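My questions all concern the structure below.
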Amino acid sequence: MLLRLTWLLLQKDLRVAARSREVFGFMLLFALLCVVVFAFGFLREGEAAAAQVPGVLWVTLLFSGTVGLLRLFAAEEEGGTLVLAERTLAGATPLLLSKALMQLLFSGVTTLLLLPVVLVFFDASLAQPVLVLAALALGLVGQAMLGALVAALLVHVRLREVLLPLVLYPLLAPLVIAGVRITVLTQAGAPAEALEGWLALMLGFDALVLVTAPWLHARVVEL
Amino acid sequence: MTRLLAEGVGWAVDGRFVLVDVELALQPATLTVLTGENGAGKSSLLEILAGTRTPARGAVKLDGVPLPEIAPAHLARRIARLDHAPGLYLELSALENVRLFHALLHPGTAVLDAAALLTDVGLASRDHMRPVRGFSRGMLQRTALARVLASGADVWLLDEPSTGLDRAGCALLADVLQRVRAQGATILLATHDPALLPLADRRLHLDHGHLQPAQVA
Amino acid sequence: MAKIASPRPTGFLALLSVATLLVLAALYCVAFVARPDVTLGIVQKIFYFHVSSAIAMMLCLSCGSMLSLIDLFAPSDRIDALAHSAIETGLAFALMVLTSGPLWARKSWGAWWTWEPRLTLTLMLLLLAAAVLGIRSMAADGTGRKIAAALASLAAPVAYLIHVAVEKWGGTHPMVLKGGGIQSPGMQLTFRVAMLAILLFAATLWTLRFRVLRLEQRLHALRLELSAQDVRKQRPGAPT
């Protein structure tokens, strides 16, 4: 029941996104812009550009993800359907899950398109692509779930455009630290064992968020 | 037996009460019209009755059970609302909207004949398939009415439902309301539309946070 | 209406007096009982308040987070006020730690700030607490409280993960307690007195904020009651 309703709402989001063609393009463009601005900020003549890749990559994903999160509930707000979508037969959880999946899809595609761009701009290559991709996947899952939760909680709050990053970024700190560390370590050619701890940390974060977010969401939105 | 009961309901905005000691009992198969000046708290009262707002005081009961004790999912199947916002996804077509909201509340049941429902509320079939973003206010209102019909709820809480509707639309709305009332639905209508007033079994006026029988002019 | 705060806060005044005396005693001990550290010199004396504040901060914030979780399970105005005041007090002590920390760091490491695990964690805790309090103040009464409670209860396990992450990241922090840096009895006595003083000071602040919040809640309730009576009076047919 939960999965079926989630799928129904996700289908709806995909359709809305396909027709409005709004957020995704901007998210991608914004991500690209981030990389360019970071290049302006960090690249120095005579220094190895590749050293900046981990930071640029993860911070860009954090920032561009925010663009998507701020518009995640736009369709609900516009048509006044939030309460209707929250009160399905399986409660409010399908809405949260569908939004998290939507965000994951957007940020996942953004990442896949962005990664080669960053590598080309900063003249780098991935030493252990599988590990880095695994870290990116874990990072995006955590960001999508926690981001969807925070976006859902803040839908009716004043100044939410300002508050969302203010709340989300410190909460995402473990993922960003671990993600950057993993990328740095793989670039430095560290053995896989050195990364296990970091991957476990990301896994732990994702597990925590996946378990608690639906519960917290239900406690807040279901009166 | 009373279907929807409000007992001593109070509602405050910014630390000031708008509704105080509201007592209301709605019976099955009745249509009640609620009037009141702008800002009298009609919309807030409807939201409290629908369980989407928690009253500052008092309680609302559906079939004798306080709303907070009813699962929100079940509540949504029993109580339908129509208010200022259409409650539709603007990028979806009328057909998709009605199907989606029906499926969210009644998953796994027989596929709804949404097209017939939309034709019923007076939407021409060429308008069934295009996104409702391009709809006029009246067409949105008709689509929203179809959504409420599809929900299968037996308590209808409508806030100015005739907004944007033309004469034919109003007649159709009146028709639909009479039909669902005959089927046993409890209807509460907040409106000033003279065209809908004759439908009322009972008329209430909200004044200074208080409900009283309206003087029929 | 339930009695919320007694007009004569005898217990609170007692707490305030004891905490004041202890803070004065701690200052005396820091100045005259504990000798300057052999290697770090006089700046080491920040340690007595710095570490105590850090512990007070951790206690307040964990209590705030736990109380928020309880408030989500079983909402009550009292628990809400307790949680909110705990987070506020925790934020105050986080500021204290982040003021005393760099002063010490400048002398012992030569830099005002290093991205060292505990300093980073404290900074993140400060940001989290500030975000929770910010949300609470921005949203309308009921929702803001719930949202803040949800985020505050999530913040504790996340803070633990941040702690794990920054520890793995590595860095240097003076390990005064574990390394046996305070051997002399004078220093030990001073540390104990300072610890007790700061903890009581934290308890005082927490109680103070809690009482203020409870009074605000009561004032709000009274105003509501007054406005309800206003509405009743304006009704047609009401006795004038």
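First chain written, first letter: the chains are A, B and C, and each begins at residue 1.
To be clear about the criterion, a residue touches a chain if its C-beta (ideal position, glycine included) is under 8 Å from a C-beta of that chain, and two chains touch if they have at least 3 such contacts.
Being a predicted model, the structure only gives us computed values, none of them experimental.
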B-C against A-B, pair bridged by the larger set of C-beta contacts: A-B
Farthest chain (mean CA position) relative to chain B: C
Chain ID, smallest distance between chain and overall C-alpha centroids: A
Centroid spacing, where centroids are CA-atom means, of chain A and chain C in whole angstrom: 32
Chain B and chain C: spacing of chain centres that average the CA atoms, whole Å: 48
Distance from the mean Cα position of chain B to that of chain A, given in whole angstrom: 38
Sequence positions of chain B contacting 2 or more other chains: 54
Partner chain A, residues of chain B touching it in the complex: 51-54, 68, 71-73, 75-77, 83-92, 96, 100-101, 103-108, 131
Interface residues, chain C side, partner chain A - complex: 72, 124, 127-128, 130-132, 134-135, 138-140, 143-144, 146-147, 150-151, 153-155, 157-158, 161-162, 164-166, 168-169
Touching residues (chain side chain C, partner chain B) in the complex: 142, 220, 223-224, 227-228, 230-232, 234-236
Chain A residues within the chain B interface of the complex: 1, 4-5, 8-9, 12, 15-16, 19-20, 75, 78-81, 83-92, 94, 222-223
For the chain B and chain C complex, residues of the former touching the latter: 10, 12, 15-18, 20-21, 54, 56-57, 207-210
